[in-house]
Every structure is written in structure tokens, then in C-alpha cells.
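Structure incoming, see below.
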Amino acid sequence: MPMPDESGVKKFLDRSFDALLPLLAAPFAFLIGGIILLALNVDPLKAYGVMITGALGDVSGITQTLVRATPLLLVALGIVIAFRGGVLNIGGEGQLVMGAIATTALVLWLESWPGWILMILSMLAGAAAGAVWGGIPGLLRARLGVSENLSTIMMNAIAAQFANFLLVGPLMDPLQREMGTFLPESSRIPKSVWLYRPIPQASLHIGFFIALILALLVYIFLWRTSIGYRIRAVGLNPAASRYAGINVPHYEALALTLGGMFAGLAGSFEILGVHHKLLQYLSSGYGFSGIVVALFGNLHPLGAIPASILFGGLLVGGDKMQRAVQVPSALITTISGLVVLFVVSSVILTERRARRRKIHG
Amino acid sequence: MGDLFTLPVLLGIIYYGIRFATPYLFAAIGETFAQRSGVLNLGVEGMMLMGAYTGFYVAATSGNLWAGLLAAAIVGGLMGLLMAVISVTFQATQGISGIGLHILGLGLSTLLFTTTMTGVATIIGFPSIRIPLLGDIPYIGDILFNHNVLVYTAFLLVPISNWILYKTTFGLQVRAVGQSPQAADTLGVSVKKIRYITVTLGGVLAGIAGASLSIALINVFQENLTNGMGFIAVALVYFGAWRPYGVLLGSLLFSFVNAFQQWVQLKGVAIPADVAVMMPYILTIVVLAFSARRSTKPAALTKKFERGEA
Amino acid sequence: MKRMLFQLSLVLVLVSLVIGGCAPAATAVPEAAPAAEKTVIVEVEKVITATPAPVEEKLFRIALVLPSTTKDSAFSQAMFEALMKVQEEMGKDKLEVAYSESMFKLPDAAAAIRDYATQGYNLVIGHGSQYGSTIAEIAPDFPTTAFAWGTTVNTFQSEGINNVFAYTGTSEFGGYVMGVVSAMLSKSKKIGICGPIETGDNRNYVKGVLQGVNESNLGATATAIWTGSYSDVTAMATCAQTHIQDGADVLHGMSQAATGAIAAAKENNIYWFNHQYDNSSLAPKVIVASQAYDFVPTLKDMIATINAGVYGGKVYTLTLQNGGLEIRYNKDIEIPADVMAASDALLEKVKKGEIKIPLD
């Protein structure tokens, strides 16, 4: 049915339908989750009701959702840049940990410095550490042809062990030694560098708003600067880019480095805004969930904003559901896996529609 | 320190290096087929977990290890089929669909474990079989020819899959589909069919890899039993330059260094344990940094294929 | 046109779904209200604690946040079972228990702890040493909710927080006794230890084992391998097998991943000593003894203290003396009389405080 009428309404509907497609796919995952809930003798409607109200029903739920969305958004921004440059960054987890380590170490080292200088410096340190951890696979790929799929997986494991090493060694809180408890934790960072929390009694910190601004900046960077343009060109068509004289490996490495930078910053914010000390297991699998968020947001920096909030809500609401109806936490993991699979499968519909538009329009 | 370089230590490293190369071999060989046909399956970890759970549960309830192994292979195959549907028919971004499968497998295996089993249990796994004659050779017999059936199978799989990949029509088709799907398509090879077969096969082998842990090597099942081994297996495929013998080399190296770092700790060498644990990961990167240039990856890896596209 | 209508209706359906999703939010508020009322009742009850009877009537609510699962046959299960036991004794109508498992990721745990506190639970237990800073941050927001965490000795009272309990175990002494016993049982005089990460009570237990083996004066040696992970079952299995290959015939270990090592011990018929939880049912012919936590007295005292109107500030040290830690021998394994006698004698010495174990 060719549509000669290219009215604004039609175009708007078309685009919003595209954006909502992933949302249309997700309910299928919840349907299967509902069947599992029934098998576990739990009323699915009640469970999902708790999930939604838990994530969005009150100030505590909404702020927790946004706190979880912050690292997800940052990691996803890194994934978007890497993906636009044609590389898949599976190393977000390790980069986040390295960012957290660098931030903590710097703050504890220069503890007497004025708070706000130290805060900014430590963020830069976190970003830099993440960039290095993403840059090494980038460099290995550009110079030596080592696949980033291999090196980032290895770098994740190395970062985790490095954190362990520091936490039982140089970075361990001296009090732990004195008290004989030897827990793997660093000292607490001074209050002067904590990220400001605008709402009393809620854990939401300004890191979320910084992440929002960064999302906008990433959009401008990718679509309004020549470096961003080249990164996208390399990702879209490496062969053509090569003919156009773009140094492809160079830009792929750059995309990975920038991706690492954002993951590192996520780690930095987790320290400055959430945990206030270095601990084991401070990443909640954000390195992997970030990939999913980036996909949810159609691999667009601005799309990543609602996607991260949605996914943050899924995490918070899922936790609440587990507590309210006492189902194993693994059920939430199962449902998130299904959500990813349905959403990733729905992308083909968006693409087909885009193609049809191209042909008809 | 001097204690470290003795015959018993060397024998120990080789024995456990070989033994624990088994899950990597199964999973990475399966992944080699998938990647050779152009599909990056990052969901190996989730498939291994499902295989490990199913193998353990069926073996424990039926009392038959072979039934467990078969069930694990079937469940792994189903997971592989799911991956194929999503990434071949729906043409989803492969890296992401793999991560979805990983999350699904992690969640589902844990969910099943907590709902069907009363707690952690152990099982008597496949026993070691000493191969006649060869097993009697001093030293060598103990470390090479005294393993359980899955260890032998894993190593036999290497020449077999090498033969399939390089000497059979099917292998040729797999390589063609991974190198240039358009060309293969014009020659009448069904790209979709080949990819369905390889990815499902990869799933079967990943399921067996998981079962090799739960009913042959460590004989327990627990939440997240594989603990990242599936991802290592994917990395080993890159390491092995998409060749079965390369994968063998990578699996052995990784496994040997892992065994070695335990002996380093055991013999009281003054290295922090955390640094020792890092060793296999660092070494894998370093080795590949020196050798990666020489390998070429399947040109169509991670690329979608649809008929009629340029 | 049809297509357009279809799309329009879908978008509408979605929008209404989103709005519908938000609607229950309004109805959720009354649901939360009873919880708030209960906290108020606690306040009132505090006044009448002088007469013991009404205290018994009240429903006490405990929430438990576990890093691992309730079936990990280690630290988490030890606490969960203790809580179940207390509930059985008090009755389900007197003690309500809620729990969240697999909360090893801190953001999840933080959300759970805050959520339970909001719901008005009387006592929220964060059963892991990693939860300390989270609790220190949440506790001040809920001054009439008691929090507890362990293993640690820090109740944050120095920071002006008065509603946090702490519990810790002196695991090194049990390690010492079991170290000596393992040296006596070992024929090869080689003892292997498989631990997750060298921190906390695991580290101290191993310190005790090493000193015990050393001071047994039987020429036995003990060495430890750390796998670098709490969850890597395979690394635990290879650890045990490496020790066995090296000639060890008695092993020690702990953590939820230890089952991998225990299976290896079972396969090779090697003795195993376990820390944190009595899991001898897992391998009845292999596990000689376990140093198990018994949190029941601690929990009971916390409940009583809270009912008396005190919400924190107490440190519970679980020791062999006070029964918070207990060495449980497996009755299925016959242990020579002289070994048992030595164990009893050492236990006496430990209880009298005659054994010193430096932890540095």
C-alpha cells in the first residue's frame, strides 16, 4: 500500500512506533516469566504489580531506579561509541572496576586536598583508568590484530583480581588490620568528595544528572564533530572508510578507548556517589547490562537515557518483587535474559520497516 | 622455590592441565564451528550452565551418568537452536543475543537448581579408565592414559573436527558460509541451514562441556558453576585462530598455566595469590599479541546475511 | 490507512499501559501504611516492657539479606538455618522472617536493606562483611529499626550511629584445634588448605590451622592455596586435586565453592575439615569435623535487646567458649581415642584462653 500522503502525523506515528517496538517485545518475556511464576505458585499479576510500584511507585523507588540507571547509562554510552565504531566492548565490567580503583586510590592518596578539586581530579582519574583499560584492547587490536572479544574478556578477569590484590594489600583499610578482621575494604573516602544528594533520605546523587549531560555531549560528539563522523563511518563501512583515507584501526582503537573512559567514569561515580569506599563486587554486572541498555536505546546516546531508566527500574522492581512474593532471585535473572532475547529479535522488524520506508518513500 | 621445578610438580601440572582442558575443549570446538560459519555465540557460558545443571540433575535422579550426558547435550542443543533462531532467522546483533542467552542460562539453571534440588549434593562421576598397555608406561601412563571417558572424547574431538572442517563437503560449506555467504549462496549452499547446524552443534558441545564439569570432573552442581569458563572458551577460539588444533593449544596452555599457578602458591613462592590467579589471563593476551597477525578471522563473522543484499 | 490505524491503536494501547502501570502506584500507598503503624507500635511497646507479658504477644519481624543462597552449605545457610530455628521456637505468629538471597552484588543488597527498613522490619540483618558501609549509610535514616551485620566488630557507634549490631567469630581457635587434629590424622604429614580470598574469618581460620599444624610437633606441614573467588567451584576442585597430587592426605577449606574441593576429596578418599558450616551430610565418609557458626544465641539476644528498647551498639563475638562457634565431629567417621582426647584437651585450653594466635 504506497502512501503518497507523507504527512507529519504519519511520520511521527511511524517513528514512535519504531521506538516503541522494543517495548512491544518485552511483554512476551514477562508472559513467559508469568508462566514460571504460576508454576512457583505465585500470582503473576500481584508479582508484576509489586514490580512496577516498587520501581516507580514512590520517591524511594524512583530515586533507587535512577541510582541504578546512572552506571547503566554511562556504560551504555561507552558501548554506543564503541558499537558505532564497529567494535563490541565486552570489557565494561573490568573498565568500571579500574575506574573505581583509580578514583579511590587518588582520593585516599591526596586526602588533604580541597574537596571539589579532589572530586574532579578523582573523576578524571577514574575516566583515565577506564580509558587505559579499554585502550589496551584497542591498541592490541590496532597494532597486533588481537580481537577485542578475547582481550576484553581477559582484561575483566585481570581487573577483578587486581582489585582483590589491592584490597587485601595496599588499599586495605588499616583499621581492618588493627581490629584483626582483615575484610577486603578500603578506608572510607572523606565526605568532602561525596557526590551531592539533592533529595534528603534518598540515595540519588548528582552523578545521574552529569550522566544525562554526558549523553547529550556524546550525541553532539558522534553527529556534530568530524572525529565522531569518522568513528561512525568506520563502523558503518570500514572498507569505504579506508578508501576515503580514514585510518580505520586508529578509529576503532579510539572508539574502544572512549568506551572504556565512560565505563571508568561509571566506576568513579559508584565510589563517589554510592559506596564511598572500594569494595569487592561493587559492579552489579553493569558491564553486561550496559550492552543491553545500549541496544534498548537503539544504539543511540539519547535513546540510552530512557533505556537505562527502564532497565534500572527492572532491577529495582525485580528486587522488590523477589522480596514481596519470595521468589528466587534467579527468576528475575531469567526474565531479564528473556527480555534481551525478545528485544534483540524485534530489531529486525524495525529494520524491515526502515527498509520499506526507503523503498516506498 | 627450588621445590617448584621437580618431576612430581611437572607431572601434576600436566595431569590437571589435561584434565581441566576438557570443558574448554568441548565448548571452544563447538564455538569454532559456529564462528567458522559466521556466528559469534557469546552465550556459551549460559549453555554450559544449562548443560551442567541438566547433566547433574538427570544423572542424580536416574542414577545413569550416560542419561545425564545425553540430556545435557539435548538441552545444550536446544539452547543452540534458540541462538540460531534469534541470530540467523531474526538476524539479531550476535554479540547481544549471546549475552541474552548467557543471562537466560544463568538465571534458568539457578532457578531450576533452587526449585528442584534440596541443596548442594555430590555425585560419583565418570570413573577414570586406565588404557591397557599405554596406561602402564611409567609416568606417562599416569598422566596421559588414566582419565575419564569425557577427557578422552574431548581430545579425540580435535582431530575429528579438524577432519570435518577441512576434509568434508560440510566443512567446506561451513568455511564458505563464514568467509563469503553471498558467494556460498550463489553456489547453492543454504547459508541459513549451515548456520543452524553449526550453532546447534555448538550448543550441544557447550551442554556436554557443562556436564563434563558437573558429572565427570568436579561432580557437583551449584549456582554459576562455570564461573566464566564459557567466556574463556569463546576467547580461546580467537586464540586458536579458528582452527581445532589452535584451540587445543590454547585450551592446554590456559589450563596448564592455571594448574601451574596453583603449584606456585602451594610451593610458597613469594607471589600474592591474586597475582598468581591472573597469570593465565595475562599470558593468553601476551601470547596472542605475538601471534594474532598471522591468523585471519572468518570474514563474515558477526555479519548478518539476507538474500539479495549486496 | 489501515496500517496507520493499527499503529495508532498500538501506540494508544502502550500509552494506556504505561499509565495503567503507574495507577497502582497510588493504591500502593495504603499498603505501606500498616508497616509504618507497626513501627509506631514498637515505640509504644517500649514503654510497657516493664510487664513482660505483652512483649510475647507482639509480632517481631526480621529481614535477612544473604550474599549467597540459603542452600550454599556455608556462611549464608548457617545464618538462615539459625533464623529458621529461632522462628520455630518462637512460632510463626510471633516471628516473621523475610529474606533476600544471592545479594552478593552491593547495589542489590543496598536496595534490599533500605527496602526492608522502609517496610518497618524490627531487625534487618546484612549477613556479609561487605554490607558495612551500606548499613552505616542507611541506619541513621531509620533510628527505630535495628540493623546487624557481620562478620565485623564495628557498630559505627563512634560515628554516632546507635542502631547497629555487629557480630564476629574468632575462627582462628577452631582452626588451631582442627589443625592439630588434622596433623595427627595425616599419615603423609602434609596438610592442604583451599580458601577463597585471604580475608576476614577465612584468613584467620587458616592462620589458626597453620599454627596448629606447626605446634603439633609431628613434623607435619600445611600450605594454603587461595583461588581468588568465592564462587569458583572449579578452582576449588583443582586446588584440592593439586594438594592431593602433592601428597596431602588431609584438607581444610571453606566457602560455598568448597563443594568442588569436597567432591575431589571424596573421590580420593581424603579427609576434609570444613569451616563455617557443618556440611558433613555432603560427604559423610570424608568430612571429619566442621567448625560451624551457631547464630541462634546471638539472634535471640538481639531480639531480647531490641524488645528492651535498645537498637544497637552491641558487638557479639562468637567463640568456642560461648557456643557461637562449635567444632562438630562427624559421627560416621571413627576417630582414634587419643586424637579425640587431644582435641578435648586443646578445646579446654582454648576456652581458658591459654592459646595465643597472632593474626599478623
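List of remarks:
Should a chain be cited, it is by its letter among A, B and C, assigned in written order, with residues numbered from 1 in that chain.
Note that a contact is a pair of C-beta atoms (placed from the backbone, for glycine too) under 8 Å apart; a residue touches a chain by one contact, two chains touch by 3 or more.
What you see is a predicted model, and the numbers here were worked out from it, not measured in a lab.
Here A is the chain whose Cα centre lies closest to the centre of all protein Cα atoms. Comparing chain pairs A-B and B-C by the number of C-beta pairs in contact, the larger count belongs to A-B. With centres defined as mean CA coordinates, chain C is found 31 Å away from chain A. Chain centres here are Cα averages; for chain A and chain B they lie 28 Å apart. Between the CA-based centres of chain B and chain C the separation comes to 34 Å, rounded to the whole angstrom. The set of chain A residues that touch two or more partner chains comprises 161, 164, 168, 328, 330.
Residue positions 110, 114, 223, 274, 277 of chain B each touch two or more of the other chains. Multi-chain contact residues of chain C (touching two or more other chains) are listed as 102, 197-198, 228.
Of all residues in chain C, only 1-4, 7-8, 10-11, 14, 21-22, 24-25, 28-29, 32, 98-108, 110-112, 114-116, 118, 129-130, 132-134, 137, 141, 151-154, 168, 197-200, 203-204, 228, 359-360 touch chain A in the complex they form. Residues 36, 40, 88, 90, 140, 144-147, 149-151, 153-155, 157-158, 161-162, 164-165, 168-169, 288, 291-292, 295, 328, 330-338, 340-341, 344-345, 347-348, 351 of chain A are the ones touching chain B in the complex.
Chain C makes touch with chain B in their complex at residues 68-69, 71-73, 77, 102, 192, 197-198, 223-229, 231-235, 237-239, 241-243, 245-247, 256-257, 259-260, 262-264, 266-267, 279, 282-283. Interface of chain B with chain A (complex): residues 40, 42, 46, 82, 86, 90-93, 95-97, 99-108, 110-111, 113-115, 223, 228, 231-232, 234-235, 238-239, 272, 274-275, 277-278, 281-282, 284-285, 288-290, 292-293, 295, 297, 302.
Against chain C, in their complex, chain A makes its touches with residues 1, 3, 10, 13-14, 16-17, 20, 23-24, 49, 52-54, 56-58, 60, 64, 67-68, 161, 164, 167-168, 177, 179-185, 188, 201, 203, 274-277, 279-285, 315-316, 319-320, 322-323, 326, 328-330.
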